[in-house]
Each structure stands twice: as structure tokens, then as C-alpha cells.
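Each of the next two complexes has subunit A plus one more chain, namely subunit B in the first and subunit C in the second.
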Partner chain A sequence: MKPIIEIDHVSRIFGGRIVAVDDVRLDIAEGEFITLLGPSGCGKTTLLRMLAGFELPDRGAIRLDGQDVTHLPPYRRDVNMVFQDYALFPHLTIARNVAFGLERLRLERADITRKVDETLQLVGLADKADRMPHQLSGGQRQRVALARAIIRRPRVLLLDEPLSALDANLREAMQVELKHLHRKLGLTFVMVTHDQTEALVMSDRIVVMHNGRVAQAGTPSELYDRPASTYVANFVGTSNLLKGVVSDVSKSAITVDHAGFKFECPPLRSVAPGQHVIVGIRPEKLQITGLVNGVAPPANALDCEVEERHFHGNSIRLRCRLSSGEPLLCDQQLGTTGALKAAPAKGERIRLAADADSLALFTEDDRA
Partner chain B sequence: MIQALNNTLFRRLGDGVFVTMIASILAFLYLPVIVLIVFSFNDSSSLTLPLSGFTWKWYQSVFANEDLLRALRNSFYVASLATVLTLVIGVPAAFALDRLNFPGKTLFRRLVLLPLVLPGIITGISMLNLFKLMGFSLSLETVIIGHATALLSVVVTQVFARLQRLSRSYEEAAADLGARPWETFFLVILPNIRSAMIGSALLSFTLSFDEIPVTFFLTGRDNTLPMYIWSTMRRGLTPEINAVGTLIIAASLVLIVLSVSLLKADDER
Partner chain C sequence: MKGFRLDRLPGLAVLSAPLVWAVLFLFIPYLIIFTYSFWLKKYPTFIPAFQFGNYAQIFADPQYYQVLLRTGKIALMVTALSLLLAYPFAYFLVFKVKSSRVRSLLYMAVIAPLWVSYLLRAYIWKTILGSEGVLNSFLVWTGILSAPTDLLLYNQFSMVVTLTYIFIPFMVMPIFTALEKIPRNLVEAAGDLGVTPWGALAKVIWPLSLPGVIAGATFTFCLTFGDFIAPMLVGGPDGVMIANVITSQYGAALNWPLGSALAVVLLIIVLIIIELSDRLQRKDRIGLG
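Now for the complex of A and B:
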């Protein structure tokens, strides 16, 4: 299938020096909910603004439906945006705000009124049509911004940190609602966020950005389970990163030594014995197999001492320290009553083990 | 008990002092105006107490005084056109300051502000020199140019301040929703800076209406109202002047109420 948006080696350089977006190549499929994820300054917002037409690329091309829109002004592009600060026109009523896009298309008055009613109904604000923006709550304004952007049924809906101004409970509710809306309308959504949870929950595909480049693109589970670099491993979820040296490479496993412990990682990378590597382990993949005894630990097992316990409600996080001095996080689900009592106490020396499949292996080059 | 009594006593005393202070400030501000209004209805040509009786005759003589009416018309003409001129030049200038980056921008901003703090007499003399140099003959039009120069900064500062507070994302949102640049200007920007424009226009109008120094240097044979009043004053203060003053105060009040209610309607959004 032909992508709806093609971002073709696009760069944006501010003031001739600051490279905000650096040679990004990305195809977005029709109907996809795609999220650009990254910390502030990673270029995600600049990329989104180039899709909207507010910024022009210094190099490269952007195609919408196969048509080059790189230098087209915003008012000639069939995309609409939900702004971070909503940007509702303060001098117009909610209905007039929502109608704004249709009025520019010179539609019949009756047609506009009908569509505005429908769209306000869709976002659950039919009774607020005659209010002014400042009379609404943050969450309601968010819905108006959404209604205003979808009323033209654009080819692509752009969302610039749409939920960042909402409080935690509302944000969670809106995540679900946006997801439903996406399914209902069948539009292509491109969202920008720095919130990894939001990205994981809502997206079909996540594009992690770092220093203006695409660090990794993939489905939420791909990104979480198979991060391409330590950067992605740390930005999407939490990871224990342990430095080690490759001691043996075979068809079935790559063996890595870390301060007397041994990891047997799946052979997914080409490394040579003696090479310095980093092993990534998600805290929740570590299982407690018992207390430290005199016997040397088997492969993929780690001996450590519990230094702190943090209660998270549904889970407990153990902050441990390996005998090598490295810190290690371990999350234990509290699925059964008594699980909290059974969890190791502070100062206890425990043995943790992970499945070989859950280990990630990074070379030094991946650190980006 | 005594403590409590003391407290109320002090509070009463404090309130009393406070009220007296506010009353004297108000008296300081408005007593002269009240005197002027009262004497404009006083049935005596000498401005002395006691009041001798009520009369409309000073108002009648104002409306029978051709010179005064002409001066009044001239003042309206000058103030209106000077205001229009400041808006026509000032609004684009404010946009340039807000939107464009050009070398010497800071200097430009300072220079635009300068005529406001420059004494009118300096503006008057320098413009007189310029007009003579260029061979302009003095008329009400030269007065209009002089006023517009001095008052430009009022419009520029007000509109510029409003533009600075106006989030750029409104314009982006408008463009995003299909508005061409001119539509964005008329449908989104203008409604949001309207109150600043009206407010600064009213202020410009008032300042131009009672301006003397610049007018003095730049006018030809025509007189504006303040010039006329000032010239008749040499023959002494007449109740007729009080009547004109009262009319001006009434008109200003209407303008103020109008502008305040307009601005308030704007703020409520």
C-alpha cells in the first residue's frame, strides 16, 4: 500500500547552525496512529510543524498522497492540527470556532450548522455551542480543539502534545477517547509526545527521536522488547544496563561476562569475542529464584543485596546492588495476597534470574 | 476590654483618616471641574461667589458664536484626521515591530517612542522649520501631520503590546484551518487587537483635541478650539468658556464610558 505521508530525507536547520531535524526518512501508512516520541529538543515538534506547513524543510521533501507538499502553505494542505495550547480563537463561540474550517471552504450555511452540531455531539459538547472558550474547562477546550481539527476530515490529523495540559486522571480518559475517535473516523493520526506511557498506550507505531534523528521506529511491543539502542531501552520503559565483555559466540547464544556473572543472550547481533557490550534487562523480567548460597550462580542469574523497597501499589520495586557495585532494579508483581510479605526485606541477599529471550544486547556503537 | 475598645477606636480613627484622604484626593482632582460646571450655569458674568441664579444663556451664546463654532469644527477635523493617520501608520508599524526582524529594530522602536516624550514646543518648531524648508504653506493639514507625528507612539505602543500578548498559534490555527493570510488578519488578528486600536485611537483623539504647542507653530489662519479659548482668555475668563468646557467634559464622559464598555466586552471573552 502506498504511504499517505512520505518524509524523504528531511532536514531543518535553525539559524544555519542548530540542526533540529537531521535527514529523517519516514513513511506513514493510511489510517495509522503514529507517535513521534522523544525528549524536548529531539526535533519531534519541528517535524510535525513541517507536516503542517508552519516550518519549511531546508533539505528533503514531504509528500502527501504522493503529491509534493514541501513548500505548500498550511492553508493549502489537507492536514489539520490540534495545538498544544489548543489555540481556540478567544473572540469566537465554541460553535464558531468549530465552524471556522468549514466556513473557509465556502460551504452552505445549513450544511455548516449541521456538521458543527454533529461534531460537537461526537466530542460530547453539544450543549456548549454558544459558550466562549474561556468559559470552558481545560478538558472541554481540548475537545473543542479536537472537534475543530477533525470537522474538515483531513487526510492526516496532527496532534502536538494534545494531552500535556490535562491532569493525570483526565489524561488517561482522553487517551482512550482519542483512540476510540481514531478508530471511528479512520483518519491517520500523527501525535507528538514526550510521555512514553501515552505513546505505548495509544500508538499503532512509535517513532523514537533523538538529536533530530529517528532512533527507532516500530510497534510499541517491538520497541519495548527489542530496543535497538540503550537510548531507546531507557526512554521507552526502564532498563538495567550492565557492561560486559563477550567471552564466547556460538550458533545458539552469545556469552557475556559481567563481573563474574554470565549472560547467555540470543544470537541476534554480530559480535566478536573480547568485544565490549552492554546487556539490557527490564526490571520486571527478573525473577527471584532464591537466597544467595555458596554455589556459584548459573547463567543469566545475578546475586545482589536489597538496598531499598519502593511500594507501587500493584507492584514493588527492589533497588538492589550487585557484588560488582552496579545498581539493579527489580519489579515484583503483587498479584496475590501475601506477595508483599513474601517480598525480600531490606538487606537480604537474593538471587535474581532472567529468561535468555528477555535479554537485550547492545554494542558500544548503539549508545548514540 | 480596654484593649478591644482601643482597637475599635483606632480602627474608627484609621477609617476616618482614610476617608478624609480619599475625599481630598478626589477634591484635588475634580473640584476645579465642578467649579467650572457650576459657573457655566451661573447667571452672572463675573466669576465670583455667591451664585446669583440659574441660566442657559452662556450655552445659547456659545451656539451663536460663529468663531467658536468654527474653531470647534476645526478641532474635530484635526483630531479625527490625525487619529486616522496615526492608525494607518501606527498599526503596520506595530506589526513590523512584532513580526519582522530587521537591523536597527531596537533603535526604530525607541525613535518611534521619542515624539511622545519630546516637548510639544520642540516638535512644533522643528516641523515648522521642515515645512518652511519644503515650501509647505501652513494650514490645518500641517497641524494634522504634526499631531500624527507626536501621537503615533500612542498607537504603536498599545497595538504592539497587544500583539506581543497574542499567541502566534492563533494565526497558525487559522492558516491550518484554511484561512488565507488576509482572512487570518481580518477574522483572527483584527478582532483581537481591536480594543487596543480603539483605546489608543480615543486617547489620540483626546490628546490632539486639546493640543496647543504643536498647533500654535503649525497652524495657518485657522484656529482650533483650544487656540480659540486661549486667545479669548486674554480678554478675561468668561462664563461662555465655562459652558464650552462643560460641553467638552460631557462629550469626554460619553467617549470614556463608550471605550470602557467596549474594552470590557473584549476582556470578558
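Now for the complex of A and C:
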């Protein structure tokens, strides 16, 4: 399928020195919900603003539906944006805010009224049409910003940290609502966020950005289960990262030694014996197999001592320390009554094991 | 109870100086003028009375109410011209100048003349507009005029030019502040919704800068309305303004009661304008809450 947006080797350099976006190449498919994820300063917002036309790339091209829009001003692009702090016009009523994008289309007044009503209905604010923005709550203003941006049914809807100003409960509800709206309208959504949970919940595809570059792009589960680098592994979810040395490479597994423990990782990378690598293990993939006994641990098992227990409601996080001195996190689900009592106590020495499939292997140069 | 009063003492002490100042130099003089305005002129001085003859004279004698009307007209022209010049300038500074150093430099260039004596600034225009002046010499030198013209000075034109120059900082300052307060993403949002830069100016920037425009217009209008130096320096026979008439009533005409009545009328007009402008601004600000 032909992509709706093609970002073709785009760079943006501020003041001739600060590289905000560095040679990004990305295709966005029609109807996709794609999220640009990364910490502040990673270039995600600059990239979004270039799609909207507020920033012009210093190099590269942006195509919208096959047409080169690289240097088109914002008002001539068929995209609309939901701004981070909503950017509602304070001197206009909600209805006129929402109708703002229609004024240039020279529609009949009745048509405008009907469209505004429909759109306000869609975001559940039909009764607020005559209010002023400052009379609404944060969540309501968020919906107005959304209504204003979708009333023209743009080819692409851009969302700049749309939920960051809302409190936790409202944010979760809006995540679901945005997802529903995406399905209902069938528009392409491009969202920017620094919140990994938000990205995982809402996106069809996530683009993790780092220092102006794309660190990895993929579906949420791809990113979570097969992070391409330690950076992604740490930014999307949490990972235990243990340094080790490759001791053996075979067709079925790569064997890595870490301070007397042995990992047998799936052979997904080309490494040579003696090479320094990093093994990544998600805290929830570690199972407690028993207490430490005299027997040497088998492959993919770790002996450690519980230092702290953190109660998270539906799970408990054990902060452990390996005999090598490395810290290790382990999450245990509390699915059944009594599970909390059964969890290892502070100071207990336990053996943890992970499936070979759940291990991620990184080489040192992934670290970028 | 005693402790409570002691608590308030420092506050009262701080307030007392300006309070004494305001009472001595504002309220009492106003009260004196107000009282005088009801007195009777009786040659060679005036006697205490309570009658409205002075006020009646102002509104019956064309000599006085026409000066009031002319003063209003000149103040309006100065306000309009200042707005016409100040708004594009402030807009340019806030939205087009990228470097903040250049911006504050240009802003200061407009504000700096306020540090120069008012009299000097008004006088400068005499040397610019006079028949031997800079402008005339230039026009003759370029050949646009064959001989110097005296049409530039001693008329309402020269007064409007001079007063605009003198009071334009008071128009630039509030407009600049109002424009600076407009969140930049509102302008971006307008563009995002398909509105051209000119459309954004008309539909977003102008309405949101109205409080600044109203404040600037109020300053400029009221300051011009009470001005008496520019008419004296660059105004002609048709350039006499209300403040000049008041001065002459206290001076040559020796009719303090009429001068006081005129001053009271002037004060009331200015207060009405300030009140109106205040209400307008309050109405406009609601949206920005």
C-alpha cells in the first residue's frame, strides 16, 4: 500500500549547530495510528512540527499522499494538529473555535452549524457550544481541540502530547476514547509522546527516537519483546541489563557468561566468541524456581538475594542483588490470594530463571 | 485590639507618604478648582458664589465649545495616526524580528525619546517644519519645491505630526505588551486550520490585542486632549486647544472662575474616556481568563 506520509531523509538543524532531527526516513501508512516516542529533546516534536509545516526541514523531503509538501505553509496542508496545551482561541466560543477551520471553505451557514454540531456530538460536548474556553475543564478543552482538528477530516491528524496535561484517570479514559475515535474516523493519526505506556496502549506502530534519529520502529509488541538496542529496551518498559562475554556460538544458541552464570540466548545476532555483549531480561519474565542450594545454577538461572520488596497492587517488585554485585529487578504477579505472603521475604536468597526466548542480546555498539 | 492596631502600623506608615502627597497636591487643588468654577468674575478679581454661569458660558459661547470640539478632533487624529504607525511597528517587532537583541533595540528606539525633555522634542519639529527648516531645505534641494513653503508649520497638520511624535511611545508600549502576551501557538493553530497569515492577523491577533489598543488609544487621546505646549510652539491661529484657553483664563484674561470651569469640564471628559476604556478592556479580557 502506498504510504500517506513519506519522510525522506529529513534533517532539521537549529542555528546551524543543534541537530534536532537527523536524517530520518519513515513511511506512514494510511489509517495507521503511529506514535513518535522518546525523551524530551529527541526530535519527536520537531519532526511533528515539520509535518504540520511550522518548521521547514534543512534537508530531505516530506510527501503527503505522493505530493511534495516540504515547503508548503501550514495553511495549505491537509493535516491538522491537536496542540499540547490545546491552543484554543480564548476570544471565541466553543462552537466558533470548532468552526474555525471551516471558514475558509465557504460553506453555507447551515452546513457549518450542522458539521459543528456533529463534531461536538462526537466528542461529547454538544451542550457546551456556547461556552467560552476558559469556562471548560482541562479534559473538555482537550476534546474541543480534538473536535476543531478533526472537523475538516484532514488526511492526517497530528497530536502533540495530547494527554500530557490531564490527570492520570482522565488520561487513561482519553486514551481509550482517542483509540475509538481513530477507528471510527479511519484517519491517520501521528502522535508524539514521552509516555511509553500511552504509546504501547494506543499505537499500531511506535517509532522510538533518540538524538534526532529513529532508534527503532515497530509494533508495540515487537518493540517490547525484541528491542533493537539497550536504549529501546530501557525506554520501552524496564530491563535488567547484564554485561557478559560470549563463550560459545552454535546453531541453536549463543552462550554468554556473566560472573559465573550462563545464558543461552536465541541465535538472532551475529557475534563471535570472546565478544563483550549485554543480556537484557524483562523483570516480569523472571520466575522464582526455588531457594539457593549448593547445586550450581543451570543455564538462564540466576542466584540472588532479595534486598527490597515494593508492593505495586497487582504485582510485587523484588529488588535483588546478584552474587556478582549487580542489581536485578524481578516482578511477581499477585494473581491469587496469598500470593503476597508466598513472595520471598527480604534477605532471602532465591533462584530466578528466564525462558531462553525472553532473553535479548545486545552488542556494545547498540548503545547509541 | 491593641495588638491588632500595632500590626497595621507599618502598613499605614508605608501608605502615609503617598497618601499625604495625593491629598496635598491632587485632592486639595482639585477641590480649589472645583470651588472656583462656581465663583463670579468681578473686575478686577472674583468673588465667592455658587452659580452655574461659567458652565453655561462654555456651552453657549462658540468661542469655547468650538475649541473643545477642535481639541477632540485633533486628539482623535493624533490617536488614529499613532495607532496606524504603532500597530504595524509593534506587530513587526513581536512577530517578525527573530533576534531578541534587535527587538529590544528597536523597542528602545521608540521609548528613548521619553527621556528627552518634552519641550525639546516639540521644539525640534519647529526646526524641521519651518520655512527655513530641514524639511523645506530638503524639498527645495531635491527640486520637488522651487521655493520653501510655509504650509508645513503653524497649522493643525504640524500639531498632529508633533503630538503624534511625542505621544506615540504611549501607543507602542501597551500594544507591544498585548501582542507579546498572545501565545504563539494560537497563531500556529490558525495557520494549521487553513487560515492565511493575514486571516490570522484579522481573526486572532487583532481581537486578542484589543486591550492593548484600547489602553494605547486612551493614553494618547487623553494626553493630547490636555496638551498646551505643542499648540504654542507649532500650532497656528486655528491650532488653539482647550488647555491653551484655560491657561489664558488664568493669565491674561484673569478669569479664574471660567478657567476653573473649563478645567473641570476637561477633567470630566478625560475621566469619562478612562472609564469607558476601562469597561471595554474588562469586557475584552474575560476571554483571556
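Basically, the second predicted complex is superposed on the first by the 368 of 368 C-alpha atoms of A that agree within 3 Å, B and C clash if a C-alpha of one lies under 4 Å from a C-alpha of the other, contacts with A are read in each partner's own complex, and residues count from 1 in each chain.
Convention: a residue touches a chain if its C-beta (ideal position, glycine included) is under 8 Å from a C-beta of that chain, and two chains touch if they have at least 3 such contacts.
Keep in mind it's a predicted model, so treat the numbers as computed, not measured.
Student: Overlaying the two complexes on subunit A, which is it for subunit B and subunit C: clash or fit?
Tutor: Overlaying the two structures gives a clash between subunit B and subunit C.
Student: Scan A:Asn240 for contacts with subunit B and subunit C and give back first, second, both or neither.
Tutor: Neither partner.
Student: Output check: A:Thr119 vs subunit B and subunit C. Expected answer is one of first, second, both, neither. What do you get?
Tutor: In the superposition, A:Thr119 contacts neither subunit B nor subunit C.
Student: Pick one for A:Gly101: touches subunit B only (first), subunit C only (second), both, or neither.
Tutor: both
Student: Classify the contacts of A:Ala87 with the two partner chains as first (subunit B alone), second (subunit C alone), both, or neither.
Tutor: both
Student: In the superposed arrangement, what residues of subunit A touch both subunit B and subunit C?
Tutor: In the superposed arrangement, which is not itself an observed complex, subunit A uses residues 52-54, 73-75, 79-81, 83-85, 87, 89-91, 100-101, 104-105, 132-134, 148-149, 152 for both subunit B and subunit C.
Student: For a test of understanding, state which residues of subunit B touch subunit A in their complex under the given definition.
Tutor: Contact set of subunit B toward subunit A: 167, 169-170, 172-180, 183, 187-188, 191-192, 266, 268-269.
Student: Along subunit A, where are the residues that touch subunit B in the complex?
Tutor: It is residues 52-54, 73-75, 79-81, 83-85, 87-91, 100-101, 104-105, 132-134, 148-149, 152 of subunit A that touch subunit B.
Student: Contact residues on subunit A for subunit C in the complex?
Tutor: Interface residues on subunit A, with respect to subunit C: 52-54, 73-76, 79-81, 83-85, 87, 89-92, 100-101, 103-105, 132-134, 148-149, 152.
Student: Touching subunit A in the complex: which residues of subunit C?
Tutor: 183, 185-186, 188-197, 199, 203-204, 207-208, 284, 286-289
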